[in-house]
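Chain naming follows the written order as A, B, C, D, E and F, and within any one chain the residues start at number 1.
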Amino acid sequence: MSLEKMLATYEFEQWLYLEAKLLDDIDFDGWFSMLHPDISYSMPVRVNKEGIERPDYSLDMFAFYDDIELLKIRVDRLKTDYAWAEIPPSRTRRSVNNVRLLEYTPNEKAVVNSYLTIYRSRSTDIHHDLISGERQDEFTFVDGEWKLSKRVFIVDQTTLNTRNLAIFV
Amino acid sequence: MMKTNINLEEMSQQDAIEYLKESVQPEMGAIPASLLGDPKIYDIEHKKVFLKTWLFIGHESEIPNKNDFITRDLAGYSVIISRGSDGEIRGLYNMCTHRGMKLCRADAGNKSSFTCPYHGFNFKNNGDCIGVPLQKDIYGGDFDKSGLGLHKIRIESYKGLLFGTWNDQAEPLEDFLGEFKWYLDILAGRAEMEVVGPPQRFVIHSNWKIGADNFVGDSYHTMVTHGSIVKLGMVPSATYSKKGYQIHTTNGHGLNLGTPNPDFAFPEELKEEYKSNLTDEQYDVLCNLKNMIGNIFPNLSFLISHTKVKGQLISNTSVRLWRPISVDKMEVITWLLVEKNASSDWKRRSRESFILTFSPSGIFEQDDTEVFTDITAAASGTMPLVKQLTFNYTMGLHRKPVEDFIGPGVVYDDKFTEANQRNFYRYWLDLMTS
Amino acid sequence: MMKTNINLEEMSQQDAIEYLKESVQPEMGAIPASLLGDPKIYDIEHKKVFLKTWLFIGHESEIPNKNDFITRDLAGYSVIISRGSDGEIRGLYNMCTHRGMKLCRADAGNKSSFTCPYHGFNFKNNGDCIGVPLQKDIYGGDFDKSGLGLHKIRIESYKGLLFGTWNDQAEPLEDFLGEFKWYLDILAGRAEMEVVGPPQRFVIHSNWKIGADNFVGDSYHTMVTHGSIVKLGMVPSATYSKKGYQIHTTNGHGLNLGTPNPDFAFPEELKEEYKSNLTDEQYDVLCNLKNMIGNIFPNLSFLISHTKVKGQLISNTSVRLWRPISVDKMEVITWLLVEKNASSDWKRRSRESFILTFSPSGIFEQDDTEVFTDITAAASGTMPLVKQLTFNYTMGLHRKPVEDFIGPGVVYDDKFTEANQRNFYRYWLDLMTS
Amino acid sequence: MMKTNINLEEMSQQDAIEYLKESVQPEMGAIPASLLGDPKIYDIEHKKVFLKTWLFIGHESEIPNKNDFITRDLAGYSVIISRGSDGEIRGLYNMCTHRGMKLCRADAGNKSSFTCPYHGFNFKNNGDCIGVPLQKDIYGGDFDKSGLGLHKIRIESYKGLLFGTWNDQAEPLEDFLGEFKWYLDILAGRAEMEVVGPPQRFVIHSNWKIGADNFVGDSYHTMVTHGSIVKLGMVPSATYSKKGYQIHTTNGHGLNLGTPNPDFAFPEELKEEYKSNLTDEQYDVLCNLKNMIGNIFPNLSFLISHTKVKGQLISNTSVRLWRPISVDKMEVITWLLVEKNASSDWKRRSRESFILTFSPSGIFEQDDTEVFTDITAAASGTMPLVKQLTFNYTMGLHRKPVEDFIGPGVVYDDKFTEANQRNFYRYWLDLMTS
Amino acid sequence: MSLEKMLATYEFEQWLYLEAKLLDDIDFDGWFSMLHPDISYSMPVRVNKEGIERPDYSLDMFAFYDDIELLKIRVDRLKTDYAWAEIPPSRTRRSVNNVRLLEYTPNEKAVVNSYLTIYRSRSTDIHHDLISGERQDEFTFVDGEWKLSKRVFIVDQTTLNTRNLAIFV
Amino acid sequence: MSLEKMLATYEFEQWLYLEAKLLDDIDFDGWFSMLHPDISYSMPVRVNKEGIERPDYSLDMFAFYDDIELLKIRVDRLKTDYAWAEIPPSRTRRSVNNVRLLEYTPNEKAVVNSYLTIYRSRSTDIHHDLISGERQDEFTFVDGEWKLSKRVFIVDQTTLNTRNLAIFV
């Protein structure tokens, strides 16, 4: 197993951990600064097929289908005093798992696959929500930093069991 | 004053209905909080409303071809909506008539018949039982398969909108919709419309009526609940949502017409198609339409929204079902509708604006869900009954309807009124007490 | 036709029972779907069936030594099954009689007495209260410990199978089993049997009766539900499961006897032991046994299965409890039984085949669980009542029992009939309406 | 003997109350297990006890400044406890009177008014409705805001302890506390007390009464349940908890006074403050106080505990609410109280000992939670009713109260008695059957 | 901390992540090819003991007790059109955690301990199952590849709160 | 990305995995031996604020606020035969995630941030508890070993949805 590949994997693991920390700490600007201006950020609708035919998600409908402009709108909105959905913010915990480096060109491009479990606790509710899924990410290297240039989040439910997606995946 | 004697759980269904007759006073603008939180009322509602009226189950464009099918929930039960080899659309309870196994577990597909995973009974997609393994031997000679056809569900459609009901005595769909059809033409019949992708689904810990109530008549909340959107400059001003008409018809249906609109909210190139599908009056409304928000009783809300995204105006048309799961829980199911003949770019942008504003991640949607959840919690349990907590629906009670509007129904020339909610709860009460 | 007047939740228990008398018609092969989904029926069932009949709680071999004990669930309550220092097996409600603390929280162990973690009352494993800290001082002179003995549960056993009941008036276990004992001898009494390890436990969102129904008489589903096994060639043919006898006796008990079998399904070297424990007729049945699937009313199903694993034939004998948790949920608890005197290799292979086929990962088991879950969902709620959905149990109604079978009970010479389910629901109805 | 006729679910509320009158016999030391597990009793309890009596909602020191507020639960509903700009403390139902939205979602803060997130109605922290967006226009001229004030909750306080009630007819708090005030002075009035930080909250699957019962009179369990603490030498001996007095007054209140104590359990330097706040008799009790454990009916337990931590003696004073969530579930909410004028070191050590012993991680607390959970499970469902399972509360029935104690109430000179529980259940029964 | 050990740990982390991905993607053949022909694959029944005596699982009864032949049967079965238990397949997400390399002989043998959480969502059910446990794995090096030669899965429940084990652990 | 930093991160990941294993295996002495004599071990109470102001936990009240002496008491207690809360012990599984090395001085001091999810199954209960939160840890190097010298556990609930904290976080 190549040391270089391990180093690279480690780097993206840390990137994803930092991203999770910023989002869990409600540091939306910090998170936004990790995104590539050409980012494509999407979350397709998951469906029940007849059998094992794949993919079992939609290519036409999405819970997120954003570019950098739309993400900016979401971030700006969350910073107003009227974004009731997250006032006060949910207590979220984004556990990143099973990080796999699929493609890697040093200082240029990387394709990373990982699992995500979001624990969400809100207000005085004693119950929590769990959002589970897979991230198919692409990173582009810009001025010495890796930026997220593509994310597809495959959620593991056909009906989302959380009140909204006022949080990022 | 405490009335500890009130306790719906203790009451018989008949007593509870009597209580509703006394306490629910739509015309006075007085609606008890317990309507949103009491389990007994929810149970009666299930029988008197959801097993009796027409309920939305999908759009014809979801099963365009012969033998296409979708499985959908009808009042808590899975039904197969199938387009037969004869092109006819039918509804079948998704349960094997032999011993109750679920026949089909896909959300959608194409099949001319369904085989049960338990004992292999086979059913044609018109419901007929066409195969029973070893039938002669094990059921004997005079066994009659035809008695084992799948339970049929009444399905009727209007302008592509498919509705089903468990009630064999229900009035025809068009009678149920009545004058409201005039507005549904604009929503769903203005052009050939198609659903984009599968519906989106998510769960809110809310009583279903809060959603219907919000869409049927509550333009007023936009200023505050959606204040963040105003801040972002996506809608001109806080009172933006005030201008227009609030309209309701019989059977609890109602909508809010945002108008006028300096811009044409729909694809320019389809104007001819619109004209061919609408009357001059309807087309006139369409041309001035800024937005249209309403609810088909009981729980199908709809929305035409016209917003500026990335500096460009774009509209999106959607319907959403507030599907009750329990007294304090519902599944929200949303469909995006687009003009089939619109440009792919326009369709893409319409979907983009829909996802941004009214999908589960929608920046309008998400603040509403928070409100729905908190109201439900506040209305739950015994105290609201004991203390007779009552919500105030008196907004606009002093107003008179206008006579000169070109469309049917009772029309107010201002969207900030709760006349539509009063109309919604009036019909709800009539059904509950019928 | 809609009968919205039907609403069990509204009914008194007596009304609900009247409704059952009318709607449940086992002899006609008509069983309402609501029997599997209605909470009210479930509540009555708990009192009229599960607090009244004998229920399986384990096997004697699980507590072979003095002071051995196991804790088991009896109708929703933890009981201690203990073998006293006198060798006698007793059942005790696992609740301290002082103020209700649970006495023992281990699944199994060896103890002659139990000390309560709350105030330290001490109880002998025969239930006697033998210690109360500071008794004289705090309870005064004339306090009588003997009144504080643990609540005793009636326990009786047949061929090592232990049953308990909350009902002090229940008829003796052997009377309750009646003629069915003849077959239980083959299942559990053919040799000295022992349980392998602790029972396996898992939860299915299913009404318990679907499991009992499936095992008591449903050989028919094997062809389809377990079609994958046929594909794998583990069982000769799809109609493999048809050959044999379906048998039932009084009190709802029933089984299906797969026969003949070219091979002897059990350890050759134990033939003498079998002979010594069985009558010639029973031994004859054993020799031709291919499989045996049945249910002891209400919820103990059993199974002798003979399959080819890795090219070698092997049988496994198991019992399984469908323990109700709620109307739509049950815990499945399975025990593997093996001949104590079989070779360790035979035991290993028997366990291997059991785990492969009927453990939670079992390739038979898993497809059944899917069916059980879906049927339960389809039968839930009010609609099945309102629409009077009825399942079809008419299979084999045209058949006549055979007279010449060597065993007792009502016997059909073909397993593809629902006579056993009709018999199961008849006794269930008798209890419910008693 | 089985009495299957007993079935509270079947009974009307009135029948159930009759059943309680017969079966609950506090003076005989007989309490049916079903009191802790029956949902019907829980529902009645909610109305007859929790919507009727005074309930603890916090401490004045939590809102020291003008416009400070906290949100707290009162019988299942969120209330705002606010100190007005006039310094007065008020309770307001945290629900907008317009259409039911929750007004405030912070646990605590400082605000003179609250704006609703739904339509923007604005309310002063005295409950007055002071703003309705566009009021004149949309509600018309003669609309009267004053009718829309927030629902007021009666709030009264004693020695800093804040209580609220939904019952407008409830007797004054001081009458409800009665003679018990004498002891509360020692608990909460001995000096200026303040709450440290926010309350701690955790959930136990237990009926709330088990907690109240345990604190009101169960010193006996310490020997066993908390045997581990004895092993660690944190308390002198197993019977340590026996010495002292058990005391109860009217309305179900009760406490256990651990005494004598060779050491002074409180900050030496505050003796003057104590003297100035207490009568000589009360001060005398304080000087000899080893510990004090009790319960203010229904569900506020309190505790002064004096233990050796790291070789140094230290006391901590806390109150805990057993907040019912359902028949078998409660939220435990604990507050630590310290003398405001104590040294910061003493406060730190008092908090340390509190966290170590009675926080969610407390080495006393955790063993209790296990007991509470298991008792609740054993008392649940129908069987305890059918079998008439009854708990034994006869401890100390043979004892006579002492006459010479300096404090009020019925006093026993030994803590190992269940007189307080009998008194607790007696008052509970009076409320339930009133 | 030795670099070599880290590299080896990384290699087995990636092995387990790939395994998870194949199973979550319903690629049973892909998964099967990662197994050693002599594999022992078991899942003992967990029990409640009197106190802290260990192990608190059975040495006699198992939910899985398979060799390569039996696993083959399961895989073949799942590929028929009659394996109703997984038609359509559950949406599973196998999060692998706390990977520890206990023994390691390069190009020969390795003993690896890890934690597993399986999120399972099925059909239209809005609720999910969680299966939590520990894997005690052994790997053998064959023709340049590590194959799983032993797995013991210690599940964290005495009663499995999922309808069946039609999925692999 | 520096190799040294990766090695160090790996080391602390392994440290946390070992700690989890010891606690999940009820080896309290083993766990205790990993602690520094000067340890500060705390778990503040989480609260709902008006808006996004941080921190949203208390600085005054804690569910744990222990030093080595108090932790010793807890461990000793759990080893008595009277610690009913954990007789028999809960089946716990501590999944450690998102390990980030914030400060690092070789052979001296380290600051590590990580996420923790505790799965807890008890007795015959078919339901499980989940405890989610973040660990802010500090390590000190003593006689060739890293010892935990500080832990702050930020739990993701305002009301703990577990019967007690008879388990360590």
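Following the convention adopted for this analysis, a residue touches a chain if its C-beta (ideal position, glycine included) is under 8 Å from a C-beta of that chain, and two chains touch if they have at least 3 such contacts.
Because the structure is a prediction, the values reported are computed rather than measured.
Peer 1: If you apply the touch rule, which chains end up adjacent to both chain B and chain C?
Peer 2: D, E
Peer 1: Consider the two chain pairs E-F and C-E; indicate the one with the greater count of contacting C-beta pairs.
Peer 2: So, comparing the two chain pairs, more contacts are at C-E.
Peer 1: CA centre of chain C versus CA centre of chain D: separation in Å?
Peer 2: 46
Peer 1: Using Cα averages as centroids, what's the distance between chain A and chain E in whole Å?
Peer 2: Whole-Å distance between the two chain centres: 27.
Peer 1: List the centre-to-centre spacing of chain D and chain F in whole Å, with centres computed as mean CA coordinates.
Peer 2: Distance between chain centres: 32 Å.
Peer 1: Tell me, which residues of chain D touch at least two other chains?
Peer 2: Residues 78, 105-107, 117, 203, 224-225, 331, 367, 370-371 of chain D touch two or more partner chains.
Peer 1: Which chain F residues touch at least two other chains?
Peer 2: 3, 6, 48-50, 84, 87-88, 95, 97, 117, 123-124, 126, 130, 158-159, 161
Peer 1: Of all possible chain pairs, which ones touch?
Peer 2: A-B, A-D, A-E, A-F, B-C, B-D, B-E, C-D, C-E, C-F, D-F, E-F
Peer 1: Which residues of chain A touch chain D in the complex?
Peer 2: Chain A residues touching chain D: 84, 87-88, 123-124, 126.
Peer 1: Under the touch definition given earlier, write down the residues of chain D that touch chain F in their complex.
Peer 2: Against chain F, chain D makes touches at 105-109, 196-205, 224-229, 231-232, 234, 309-310, 331, 336, 351-352, 355-356, 359-361, 363, 365-367, 369-371, 373.
Peer 1: Given the complex with chain C, which residues does chain D contribute to the contact?
Peer 2: So the residues of chain D touching chain C come out as 1-2, 4, 7, 9-10, 33, 36, 220-221, 223-225, 239, 242, 367, 370-371, 374-375, 377-379, 381-383, 386-387, 389, 391-399, 414, 416-417.
Peer 1: Write out the stretch or stretches of chain A touching chain E in their complex.
Peer 2: 1, 3, 6, 9, 46, 48-52, 54, 56, 95, 97-100, 113, 115, 117, 130, 132-134, 156-159, 161
Peer 1: Show me the residue ranges of chain D that touch chain B in the complex, using the header's touch definition.
Peer 2: Touch list, chain D to chain B: 12-13, 43, 46-48, 51, 75-78, 94-95, 97-102, 105, 115-120, 133-134, 137-141, 143, 148, 151, 166-169.
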